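So, here's a batch of structures to check.
Below are two complexes that have subunit A in common, paired first with subunit B and then with subunit C.
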Partner chain A sequence: MAATFFGEVVRAPCRAGTEDEEEEEEEGRRETPEDGEVRQQLARKREVRLLRRQTKTTLEVSLLEKYPCSKFIIAIGNNAVAFLSSFIMNSGVWEEVGCAKLWNEWCRTVDTTHLSPTEAFCVFYHLKSNPLVVLCQCSCYVAEDQQYQWLEKVFGSCPRKNVQVTILTCRHVTDYKTSESTSSLHTPFLKALKTQNFREPPCCSLLEQPNIVHDLPAAVLSYCQVWKISAILYLCYTDVMKLDLITVEAFKPVLSSRSLKSLVKNIPQSTEILKKLMTTNEIQSNIYT
Partner chain B sequence: MFVPCGDSVPDLSGCTLLMPAVSVGNVGQLAIDLIISTLNMCKIGYFYTDCLVPMVGNNPYATAEENSTELSINAEVYASPSKKLVALQLRSIFIKYKSKSFCEKLLSWVKSSNCAKVVVLSSSHSYHRNDLQLRSTPFRYLLTPSMQKSVQNKIQSLNWEEMEKSPCIPEIDDSEFCVCIPGGGITKTLYDEGCSKEIPMVILLKFVSEGDNIPDALGLVEYLNEWLQIIKPCLQCDDPSASALPWKMPSSWRLLFGSGLPPALF
Partner chain C sequence: MASQYDRAITVFSPDGHLFQVEYAQEAVKKGSTVVGIRGTDIVVLGVEKKSVAKLQDERTVRKICALDDHVCMAFAGLTADARVVISRACVECQSHKLTVEDPVTVEYITRFIATLKQKYTQSNGRRPFGISALIVGFDDDGIPRLYQTDPSGTYHAWKANAIGRSAKTVQEFLEKNYTEDAIANDSEAIKLAIRALLEVVQSGGKNIELAIIRRNQPLKMFSAKEIELQVNETGKEKEEAEKKKSKKTA
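So, the complex of A and B:
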């Protein structure tokens, strides 16, 4: 309990998250069969499903089992997605091999067959000329209770060690802990976290303690660390979380990495594509639409 | 499930497993950090589970540039073979409705690895104390029945206080009494499961409030040390205000309360 400035006594939030535990225990004791049924229905609604949009069928096995690869590049968040779209997917033919359909409070996508450019989605592609290169564009939020399901549906239960995973994502600069004030930092800037089996030098400096990463990027990197898969996460700290040209361009050092070097073709053309993406997004992001 | 760092599964039989409950003030977790850091325990594996919120970061116990780039995840196992000590560190909270499943998986692993005993470091809301508890030491212990015979005498010689039972339903006058650990996270579940599955388990907890909980963590490890004697007092200690025991704070405890302040604020 804590007293506020105005003299009210309120329940202070516990950063160990233990209020939820007490609620859960109480719910467990009071739960009726109807409550159980509702909870199961909600769990089914929140299930992550991988399907092929072309055939509207669900994948029976995990994505990497059906499409084994040696390079797996994952963009999480709209800026990382825009970077891969402009600098990697602008050359070569990329064939869609799967789409993750999921529902949560932040990502209410229902119809995955007709998505507008600004709608959230999670789509997988492979390069037609070299199907061992698989790419994931994920701009929807994958909730805590869905992250492990996503991992299972994509990576499966038998981890493959001969794949190199590259993850790109953004975080707000206020999440970055430093002894100086975050307002004095020159944003955007890039930091990396790599698994033990990743042997190349990273394209930027490593993320120092006490900084940590959460959400889907952390789930993927944890999986790779535990199962000894070579993986690296490139994290762009920015003060603009919506689609932003400068933030997207901050990922450019990653183009010199072994995973992406061979996939980069025409950088000036990529910059043009990026500018067009920005304009499309600005037109679409009107609060009245 | 336990996944070893190396190729073979380490032998944990006869070891004491220390673990935190994610509880008020994160005191148990801070205490385990102190133990791992002070004893320079080495990582032997991961407790890979879908019950905890994912998180990653670089080595929280780094002492130099060379050892600062090892990736850490949300649940890891460390060992000090010479002291027959194993420590499980949990670094994130439970995903909703998954705490009970975690307890089952954890205790199943404890049983299969033949640990001699489990010590759970935890905490409980200090505002829930009754009058008697307010006037006494803030530390409490609990033993499962299979632990009682082996350590009862030692515990009695230390003059420790057992966690008192309180009414299960406070609103009802003739309610039954049971062990309640408000703010203790999975402590109560672990204790109940430990009792029913005959696991030798000791719960050590401190009544705390949220805030700067480093002193609480230091207090809890010293309480544990009274019994287990993990480290001996530092006789050459010059600083009279420091703890008599040389507990080493990990490098990741920097900036616990956020980044530096903007100078323009002043």
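So, the complex of A and C:
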């Protein structure tokens, strides 16, 4: 027991602990039915669902089981998404095969048919002329507790090994740890991190220690490493996290990789599409001038 | 460590950072590029125009503002903060004129703006202004001036500088190309500003706004046609210079 300055007597914490204390703690820990219901409601709300937007029906199996592919390209974050939209998606006709619907404290995905660059979404496409190429554009934030669900719904519990995964994402340059002076860094710049099974040479230098990857890109890469899938992550360090032309163009070296080379058709047209995306995005906000 | 010391403006971190001020400097990078050049008899301000929505009146989105007849300012960062700073600076210019019967010097008004910004880094319950400004003008002695202020409240005089998005690229260009020849006359200084902006502005002349002040003359804003003319001239000169270079190497 201990007494506070104001004369109230409080229980002093005891490291030894006693049986009585343990029982009392357990009672406190035991959930009430209301707590259980709230927890279940929250779990249901945070469930990641894969569905087809047109029919609003849920996919019964994982995405890559329903649409097996040899190339899977994932863009996470608005700059990576803009890069794929401008340089890859104009190369042919892409058919939407599903979208992920999720909710967390940071974002709520929309499932309207016309998506604007400022909205949060996670949509999957395959190339109509070669359905073995699947692409994912994910501009929403997938929380830690939802990442494994996302992976299961997309890859399945026993993924095929003959798929090559390419992940594109961005991170703020303040997260980049280096012994050089930060003023000497020419942002934006690209770094790569790959799984053991990825044999090709990467399009840029590898990410040095002690830098680490976070969030969904890290989850996908770890999953691929565990399941021995060939995967590479291209991480663009930038000082402008919002949609930015120079950051998007920093991904251009990736166009020479084997996964993407065959998908690039018309670069001047891509640059025009990118400029349009930028203008649409800039117009939305009047906060900065 | 940052998360413990970055919420309150009045708290230093153990390694001496004022994180809110540093975050305010990040807000400046979200604004479009501004370049300022100090010539021999001219000062030039060039900005990358922000795209406006179809139904929005373009005139309400202005990055270059006159503080007085002989001083003008361009900013990058939070629009609303800029409006407040500009308004206070304009009032101070008039107040100074009424009190001492002389117009402000460029350095005086820069120091006023910088002091205002510094006060907001040391008050509880406030946040720093999220803008950097380039202030140009001529003093009574006829010498052209260019100053830059930032959210921390510091100010420095420059021969040429850039702020806002991609400022580093433009600064590197200016370091290489700001020579005595480049500012030999007024039109060369204007072309230098345009060339610097074209390093980062993608869509050419239609997204550029230009303003100049010449000695004993008021602020002149270039019209879209004049800017297009200048951009075309600059483009032609660049092509000719490249042709000469390729002839030499051949």
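Criterion: the second predicted complex is superposed on the first by the 245 of 289 C-alpha atoms of A that agree within 3 Å, B and C clash if a C-alpha of one lies under 4 Å from a C-alpha of the other, contacts with A are read in each partner's own complex, and residues count from 1 in each chain.
Just so we're on the same page, a residue touches a chain if its C-beta (ideal position, glycine included) is under 8 Å from a C-beta of that chain, and two chains touch if they have at least 3 such contacts.
Remember, predicted model here, so these are calculated numbers, not experimental data.
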> A:K275 contacts which: subunit B (first), subunit C (second), both, neither?
Replying inline: second
>> One more residue to check, A:L221. First (subunit B), second (subunit C), both or neither?
In response: first
> Touching A:T57, do we find subunit B (first), subunit C (second), both, or neither?
Replying inline: neither
>> Which partner chains sit in contact with A:S129 here, subunit B, subunit C, both or neither? Use first/second/both/neither.
In response: neither
>> Quick one: is A:V213 in contact with subunit B, with subunit C, with both, or with neither? Answer first, second, both or neither.
In response: first
>> Looking only at contacts as defined up top, I'd like to know whether subunit B or subunit C touches more of subunit A.
In response: B
>> Touch test for A:L245: subunit B only (first), subunit C only (second), both, or neither?
In response: second
> Across the complex, what residues on subunit C touch subunit A?
Replying inline: 26-27, 29-32, 50-53, 56, 61, 63, 75-80, 82, 165-166, 200, 202-203
>> Under the definition above, what is the set of subunit B residues touching subunit A in their complex?
In response: 3, 22-26, 46, 48, 50, 53-60, 62, 68-71, 73-74, 93-97, 99-100, 125, 127, 182-186, 209-210, 251-256, 258-264
> In their shared complex, at which residues does subunit A touch subunit C?
Replying inline: 239-240, 242, 244-246, 275, 279, 282-283, 286-289
>> Touching residues of subunit A toward subunit B in the complex: what are they?
In response: 1, 12-18, 20-22, 24, 28, 39, 144-145, 147-148, 176-184, 193-196, 206-216, 218-219, 221-222, 225-227, 233
